[in-house]
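Both of the next two complexes hold chain A, though its partner changes from chain B to chain C.
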Partner chain A sequence: MDQHLEQSAHAGHAAHGEHPIDSVRTYALVLVVLLCLTIATALVATIDLGFFNIVVALGIAVTKMMFVIWFFMHVRYSTTLTRLVMVSGVLWLIILLTLAFADFATRGWLNVLG
Partner chain B sequence: MDSEAHHLETLALREQFDTEDQQKDASTLGMWVFLITEMMFFGGMFLAYTLYRSTYPQVFGVASSSLNLPIGATNTCVLLLSSFTMAMAVRSGQLGKKRAVIWFLIITMLFGLTFLGIKAFEWTEKFQEHHVPALANFHLDGTPLQGQAKLFFSLYFAMTGLHALHMVVGVGIVLFIIMETARNKYSPKYYTPIDIAGLYWHFVDVVWIFLFPLFYLIDRHIGR
Partner chain C sequence: METAAVLERETYLNASYGLKSWLLTKDHKRIAVLYFITVSIFFAIGGAFAGLIRLELLTPQADLVSAETYNKLFTMHGVIMVFFFLIPSIPATLGNFFLPMMIGARDLAFPRINLLSWYLLIGGGAFAIFAMVSGGVDTGWTFYTPFSTSYSNSYVIATALGIFIAGFSSILTGLNFVVTVHRMRAPGMTWFRMPLFVWAHYATSLIQILGTPVIAVTLLLVLCERSFHIGIFDPALGGDPILFEHLFWFYSHPAVYIMVLPGMGVINEIVSTYSRKPIYGYVFVAFSSMAIAVVGFLVWGHHLFVSGQSLYAGLVFSFLSYFVAIPSAVKVFNWTATLYKGSISFDTPMLYAFGFIGLFTIGGLTGLFVASLGMDVHVHDTYFVIAHFHYVMVGGTIMAYLGGVHYWWPKMTGRMYPEDFAKLSALLVFVGFNLTFFPQFILGYLGMPRRYHVYPPEFQVLHVLSTAGATVLALGYILPAIYFLWSLRYGKVAGSNPWRATGLEWDTPSPPPTHNFDRIPVVTHGAYDYSHIPGEEIEVG
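Showing the complex of A and B:
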């Protein structure tokens, strides 16, 4: 049992190694990208793209989130277990949103009040 | 049987862990689990907002367009800058540069307070424009449907308010980390609390990254 635990701990090491330190340049570039995306999303919002206003705004927001969690939150160095937990968390959020939207969208179908 | 269980206990390696990496990974994982509960918490409100916005698109468009876009965009940039300085603080922690950690954290905290100041100014504007749903003088120009407009501003205050509350907590956490850093608590071997505080700070930033487009941007072209 101890042997097994030790092995898995070591396997964990091998997966991510020691925690590398990013350069200032990396962080500065990420900041510049994030600021540019903010200006872009604010400008695009003033143009009428119909339905695509939402797509663009959320697309840029998701892109910004990816930059923040990947670089600033060091997810690119995180363990597989941490990533798995994050992805499963997002999955639960998607379940919450999907089921609620499905309920909301189909409520009128049976002509029952509620 | 297990020689590692009898290692000398340090901040970086507590009794119950085998290695320093294992302890660090456990802390990171624990923080992410907490952040997921936070994500679900905010997710519920994003859900409510989206459902009502799809039910009352016209009024929500008018109300959304009444928000102060330059101020919202400025605040977004302030938060992104604070995330950058926070990342720099963690990096300085990894390198063991104590003074740099403290300065970057102070700048981070000042950006956080700037955000809150701008937010307070924005809320003050809402009081002057009679856009506070709880008050009797509530009125939104451009629509006869004041009830739906109230709903929008209720969600606006609830969600930006809870976000601001997280910022206040974040400022408190950063202040605590500054004091602990000044007391030589951290080293390149043990900077986990700086790292974890950083995760919290960046998470609150990510929440705003979604609040900004959903409240200020999406219906901007309808309301004009």
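Showing the complex of A and C:
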């Protein structure tokens, strides 16, 4: 029984325990950055940049996402394996988008139905 | 109520009593038993729908149900069988029970999350059953838009929510397995000493984690459009209905591998045990599971060849689909090579394994037919496709599941099943299965479309054959249900290793104690090393 608990506890501990916690100051700074970026998104939306509308909007969104992953989700202190999990999630999203856009982008190439 | 011999030792079954000790258990073996009961009930419900479908198709006219009811029957058959039986079947029962034991662990890494995932399956199932008894769903298990979002008057939302919830059960099981394999292996249990059953479950878990969120999001989008008219799939609202098919099949093609990879894992254990040889090309077979998991995500567009997808995308998806046949073929060839010069015994699990290898191969090869652009135009949405994927899912997954349940039944319950009846049931399943589904290849090739309850009279002979086969198949499924229950009380008491198999799960008594091993094993040899397993011996029951 004890051995069992020890083993489970060990796995649980290693999964989310061993890294130092960021200071309140860091968290507050990240929060301010995120809020500024949100305001930036809203302001940029009032200016027409043509093609760059979507580029700028997505750029800001990705930057915010990185802040959340890096600081709030503690990936900064994570093991290589955990980072691999994060990266493969993004990679799979890229697979979904690339192959789906292989359809959307080429659908008009042939001037026939289907 | 049980014999004295069983009561003497404490096992996971008699460690505590009462409903609460089961419903709040954190023991992976008890949770596996809960799953076993649950998926058996879902299998019976899904099977009953299949029976009604086959009954209606006995005659060319509509004499049993209306068109609307028929739509609901095949939808609910598909939904129940895919999401509530096939997906959880092998991982949540056999995987849950044996993955920790095979790597020498006392439990999964997160026992509470394991219990939670069972409750999520029950919760999701409750929504699906609510939808069924309230009036059913008629969209097909694929929920294609715009029908599901704009036109269907049936219980789409409740069913989709049910699948959404059950999806989290699947994700959590996968997560639990991955962490367990990484962190809970016994001393000396290196990656390449793990049984191939564990490798197959590891690969399956990766698919569950990476794919299931996409179907969850997709179903949420369907709900958003259906309930709040947010334009995502409906062209009238600026959406694209083919986007739904992309998102749906991004999960649902890999989901086929969630169903069949664990089955392949079971077949590895059975083939090795009953030919008393290590699996030929262990490393290749291990990596072929991983290759299937990855390449399986690149082929989904083969479901969209005639849906309005661009022909150029179709070409790419067709090519990639041929590619995924390679790792599957590696497995089939390596099982065959394992049998070569093996000391083969034809016990019941081995009969199921032979059935799996033959039927899965037919299912896989006909997959190449439908993955080719030209052929698919002819057979798309016909019974050819129905036959193809039933050969993979019923001929593959369910054969492996039944083989695995027979193989590990003595370990799970401490009792032997009656071998003669078991062999008879394996034969009934094999004959019944082929009689049900082989005529459907011909029907489809001749042009019988899927999802119709009336058909031209010239198709009747093949439909009658199929329905007759389904009856035999049903007998083959009912028989094990009876003798397994019988064996719980009257079966011969099983020793700790009745098949003289390798694998740590056979190193501990049957049924195992609550914490699996009295002492954590130290592993000094690879999987399937028969040199330390004694030869022929007579089990005294």
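Definition applied: the second predicted complex is superposed on the first by the 95 of 114 C-alpha atoms of A that agree within 3 Å, B and C clash if a C-alpha of one lies under 4 Å from a C-alpha of the other, contacts with A are read in each partner's own complex, and residues count from 1 in each chain.
We take it that contacts are C-beta pairs under 8 Å (C-beta built on N, C-alpha and C of every residue); 3 or more make two chains touch, one makes a residue touch a chain.
Treat the numbers as computed from the prediction; the structure is a model and nothing was measured.
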> For A:45, is the partner it touches chain B (first), chain C (second), both, or none of the two (neither)?
Replying inline: first
> Is A:54 touching the first partner chain B, the second partner chain C, both, or neither of them?
Replying inline: first
>> Under the stated touch criterion, which partner chain does A:106 make contact with: chain B (first), chain C (second), both, or neither?
In response: second
>> Once chain A of both complexes is superposed, is A:35 in touch with chain B (first), chain C (second), both, or neither?
In response: first
>> Which partner chains sit in contact with A:81 here, chain B, chain C, both or neither? Use first/second/both/neither.
In response: both
> A:69 contacts which: chain B (first), chain C (second), both, neither?
Replying inline: first
> Per the overlay, which chain contacts more chain A residues, chain B or chain C?
Replying inline: B
> With the two structures laid over each other on chain A, which partner does A:89 touch: chain B (first), chain C (second), both, or neither?
Replying inline: both
>> Based on the A-chain superposition described above, do chain B and chain C contact any of the same residues on chain A, and if so which?
In response: 12, 81, 89, 92, 96, 100, 104
> Which of the residues in chain A end up touching chain B in this complex?
Replying inline: 2, 5-6, 9, 12-13, 16, 18-19, 21-22, 24, 27-28, 30-31, 34-35, 38-39, 41-42, 45-49, 53-54, 57-58, 60-61, 64-65, 68-69, 71-74, 78-79, 81-82, 85-86, 89-90, 92-93, 96-97, 100-101, 104
> Which residues, counting only chain B, touch chain A once they are in their complex?
Replying inline: 1-2, 4, 18-19, 21-22, 24-25, 28-29, 32-33, 35-36, 39-40, 43-44, 47, 50-51, 54, 69, 73, 76-77, 80-81, 83-84, 86-88, 90-91, 94-95, 195, 198-199, 202-203, 205-206, 209-210, 212-214, 216-221, 224
>> Per the contact definition, I'd like the list of chain C residues that touch chain A in the complex.
In response: 105-107, 109-111, 179-180, 182-184, 210, 214, 240, 242-243, 246-247, 250, 297-298, 300-301, 304, 306, 308-313, 316-317, 515, 520
>> Per the contact definition, I'd like the list of chain A residues that touch chain C in the complex.
In response: 1, 3-4, 7-8, 10-12, 14-15, 81, 88-89, 92, 95-96, 99-100, 102-107, 109-110, 114
